[in-house]
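Both complexes shown next keep subunit A, but they swap its partner, so subunit B is in the first and subunit C is in the second.
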Partner chain A sequence: MIRYFSSNFSHLILLIGIFIMIIPVWLIFASSTHTASIINTQGLQFFLGDKFLENYTKVLLYEGGFFKEITALKMFLNSFLMATGVAFLSVISSLMTAYVLVYFRVKYATLLFWIIFITILVPLELRIFPTYSVMSTLNLVNSYWGLIIPISASAIATLFFRQFYKTIPDELLESAKLDGANTWRFFIDFLVPLSKTMIVAMFIFMFVFGYNQYLWPILVTSSEQYWTVVMGLKMMSGSIVNKFAFVIMSMIPPVLIIIVLQKYFIKGIFQDK
Partner chain B sequence: MSFLELKKVTKIYPNGTKAVHETSMNVENGEFMVFVGPSGCGKSTLLRMIAGLEDITEGNINLDGILINKVDPSERDVAMVFQNYALYPHMNVYNNLAYGLKNRGISKEDIEKKVNEAAKLLQISEYLQRKPSMLSGGQRQRVAMGRAIVRSPKIFLFDEPLSNLDAKLRIQMRLEIKKLQQKVGVTSIFVTHDQVEAMTLADRLAVINNGLIEQLGTPIEIYNNPKSMFVAGFIGSPQMNFLEGELKNKTLTSEGFEINNVTSDFNGPVILGIRPEHMSQTDKGLINLSVDLVEQLGSDNLIYGEIKNKKDFCFRCPGSQIIKKGSKLSLNINDNNYYVFDKSNGNRVN
Partner chain C sequence: MKKVQFKSNYSQYFFLAPQLGILLIFLYWPIIQTFRDAFTMQDAFGFGRQFVWFDNFLFIFDDPAYLIAFKFTIIYSFVITLVTGAIGLILAVQANNVMHGKSAYKTLLIWPYAIAPAVVGVMANYFFSERFGLLYHLFNDLWGFNWYESVFDSYIYLIIAGSWKQISANFIFFLAGLQAIQKSVIEASIIDCKSSLRRFWTITFPLLMPTTFFLIIINITYAFFDTFGIIDTTTIGAPSGETRTLVYKAYMDGFRGLDLGSAGAQSIMMMLIVLVITIFQFRYIEGKIHYN
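The block that comes next holds the complex of A and B.
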């Protein structure tokens, strides 16, 4: 009885939380379907208007920026490339780093791991100028690789994979060895499939992380061609309804990726197989 | 030359633990060898060195005429069954069996044939499409065995594969392993700390204590002729009774009785060992036992009691005999079936 009550109660709290988060988004969405003059005179709208198609197509195809070289569509493409690149590279690099740290006879593996982990305390924003100078030496300024590479090594993902590998019993490796698996085969045939759910979870995390980058893309790109959605949010000119429409659209890719992959995502976080 | 030869094999772990001391032994082709000994005596370590999962600190291991000290486990062509089975959780039973074959570059049709054969032999054909998590303990055990058999390796290594099963299943699987090994005829080494398992499975038995082989022989040899007090106490169930005594001029004095004409020239304090099943009731026997406890097993009775200063002395008699708590028994040792050990070092002296 008490459990029943408390579970209902916690549902209630969750529902309140959801409303608090959703209402502002809804306000923006509803407002983005009106004309600019309605918003300017009557404030934010709670109900849908009839300018949805008009406002959204205009935003998608509008040529923005100082040199009129960029459309919202292109920004979405840029953001998608950047986020996917970051997600792929950081998942692969942290999978392999964790593999080496846990399964190879690396001297001071624990110390090395903590050194990697400490980099969490030094986010890109803190070391942004040295990073920029490295990128410019490598001639990667104004390129997709320049956007992707500096943020595609993740200490957090390495931590997750390392902790997961440590829970895999040694006998699994041993019997795989006796079955003729070499170093590479053990990684591909065992660790990758066993950490599948965690890979998906990390992929989503890193995708959203890459998608949300703002300061670094601004710094490393001077050409408007490389603008990302998040940069566009700031740079966007035009009427208020178009800005609203762009805000709403900018939310779609991360939400979409979570919805598509969510069944793995939840499993990965809670580690039940 | 023997099939598997261990020459003065020693293992010292990095932390300084000396787990195996200069062990030498030979295992013949097709033989079922059992390592038995108490927990921590180094059985697993020895087995894992043969498998290549632990480095050999000193000594040599030859398998089928090849020195394998430095051969990678994946190249040794040995198969091991682990205590917790170590099945591949993300592969179904079929792939669990097939994985080792795939790595050896065997064709798909051959793999299928071999897997199906092994599955049939082990009666797991119905489960081939299931994941290990959907199997019972006994079924998992069979899959683990199947994974070993399917590759027809040079040698099977078993590290206490039955200890996770319940008592009934253990006995059943014990029987099946023995039958299977006789059918397949692959040289096997089986590690256990259960002496019944050891006795029933082994062609030959190595009793290990503190990283040393105390005695090596057929189960019956070891049962009839233990070389030391440790072996005598370890093999046989219920355990051999040990009584303190003194041997002088071939006469042994112990707990209120004397044995004459002991076949030994040893003089000094000794331990007398008598197996519970090597005594019988008579009118005027050597040993007077006052009964404290009777365990009725059905076929047998185990009688525990006191003789002079020794408590929990055990005597085994047929289950048909009715013996009450508190009664006094008079026992004789059958056919001079007793063992005398030097008290100072436990070595057999008669």
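The block that comes next holds the complex of A and C.
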């Protein structure tokens, strides 16, 4: 084994790192199980209190937006719809685009390549007001499509699929052609099953990306009905412990997905097989 | 490119249509509008539009607030890149070093990556609140920390809030980079060089250069764009506009001030900065680093 430092030292450093990552979240979680008066008089709590059920159900079912037109539960539903929509739309469209870029002899291949990939340099933040005006021209303000489509307009996943396709041996297409596969059959029967890990990795990546959006949902939803969790955090009314509870709950979906599907995510992003 | 390909045929338009359609309508159309906004000025009632050449650009350079935001953005991206890169690298080297529990450490260190910047900001808020913020009181006892008034202290606040989750991203990429280095290279280096620290700086670190430069770009992009949610939930620019990034300022000018000409010009300035960094990365750095 190759070592730079003794193993004990490494464990110590790693434990400090984990401590820094976990302790802020733990303090908020522990504090979210107390009453507001305890927090206000004694500050953040390290040990658990006995108001867990009370605070969390109150947040999920009763507390809501500024005008009380929405509950946290509905915000979670909106966030989930938005994130899933973004992931589906961008993964499917990227998968198809990368297929043409790698497997078709296209006439203006270089031009097409640049039209698609230069867009990575222009994130939504740089064109946010014009995007809003396009959405309002198309009547998509205050709608799920309004939340989803502009976030899916990203060629990042296309870049990853393209890199992945390029590592697939040429023999695959040769043998598929011998079997008489056309462009559709090759895509559906050969390429998509082979890209499974990459598809899952990109799905996770885009899901988290969609779920974590903050600025765009603020701009595109004037009606509380379409509020998402991440933007709702700042807008939410209610007592401090309910806010703590909401913060903790808002982290759970993306963190859980990253932890559970970690293997696929890392395999896909780094393309090691 | 592939040697074996399909001939150009009609199905390619079907495969291209969804993404190209979305990009043209929801990306290219707004970009064209950004350019139109940047070079025109609307009258107060929004009826007319006048072509004003570079007036909007000249105006933002005359604006002291723009230069303050520019300065903050540069300092902020530099510090975030340095802090998260260094801590991420230290943790990755240790995780690569241990025999037992490697995957447990990995899991316990990567999850903050998934948390939204705005959520991190709301959380940081609780630790820096005057009422019960632990870090506020700790720093206040140490040197009279008060981010409502001191520019330096508000920088500290935002650097801590902005770095926390980004350490994870740096850790994941550095660890993958370390694991990709061939064992034989390291084994050979042990024979030549006894000092482990020197071995790290002369052999391992140069081999990590591609990862390092990739992460520099990732961290700069994060500090430019993703920190919007953090700033908007923490300092909101406090003490008085010193902690606004260029993106944050452009948004405020467009949204609060309804000055789309200025917001457009600021967006185009940002596009130029991103373009310069990207070209620099491809032309200058990629040519100078070693790939294994």
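FYI, the second predicted complex is superposed on the first by the 247 of 273 C-alpha atoms of A that agree within 3 Å, B and C clash if a C-alpha of one lies under 4 Å from a C-alpha of the other, contacts with A are read in each partner's own complex, and residues count from 1 in each chain.
Just so it is clear, a residue touches a chain if its C-beta (ideal position, glycine included) is under 8 Å from a C-beta of that chain, and two chains touch if they have at least 3 such contacts.
Not measured: the values here are computed from a predicted model.
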Once the shared chain is lined up, is A:M96 touching subunit B (first), subunit C (second), both, or neither of them? second
Using the touch definition from the top, say if A:N40 reaches subunit B (first), subunit C (second), both or neither. second
May I ask you to decide whether A:V122 touches subunit B, subunit C, both, or neither, giving the answer as first, second, both or neither? second
Can A:S250 be said to touch subunit B (first), subunit C (second), both, or neither? second
Which of subunit B and subunit C A:E174 touches, first, second, both or neither: both
Would you sort A:N139 into first (subunit B), second (subunit C), both or neither based on which partner it touches? neither
Partner touching more residues of subunit A, subunit B vs subunit C, is chain C
Thinking of the overlay built on chain A, is A:T110 touched by subunit B (first), by subunit C (second), by both, or by neither? neither
First (subunit B), second (subunit C), both or neither: which does A:P193 touch? first
Quick one: is A:I18 in contact with subunit B, with subunit C, with both, or with neither? Answer first, second, both or neither. second
Subunit A contact set shared between subunit B and subunit C covers 174, 177, 182
Quick one: in the complex, what on subunit C touches subunit A? 1-9, 11-12, 14-16, 18-20, 22-23, 25-27, 29-34, 37, 87, 90-91, 93-95, 97-99, 101, 105-119, 122-123, 126-127, 131-132, 134, 164, 167-168, 171-172, 176, 180, 183, 186-187, 190, 196-197, 199-200, 221, 225, 228-229, 232-233, 247, 251, 254-255, 260, 263-264, 267, 270-271, 274-275, 278
What residues of subunit A sit close enough to touch subunit C in their complex? 1-5, 7, 9-11, 13-14, 17-18, 20-22, 24-25, 27-28, 39-40, 43-44, 89, 92-94, 96-97, 99-100, 102-107, 109, 112, 115-116, 119, 121-123, 125-131, 133-134, 138, 149-150, 152-153, 155, 158, 166, 170, 173-174, 177, 182-184, 186-187, 208, 211-215, 219, 230-231, 233-234, 243-244, 247, 250-251, 254-255, 257-259, 262, 266, 269-270, 272
Which part of subunit A faces subunit B closely enough to touch in the complex? 169, 171-172, 174-182, 185, 189-190, 193-194, 273
Within the complex, subunit A is touched by subunit B residues 51-53, 72-76, 78-80, 82, 84, 86, 88-90, 99-100, 103-104, 133, 147, 151
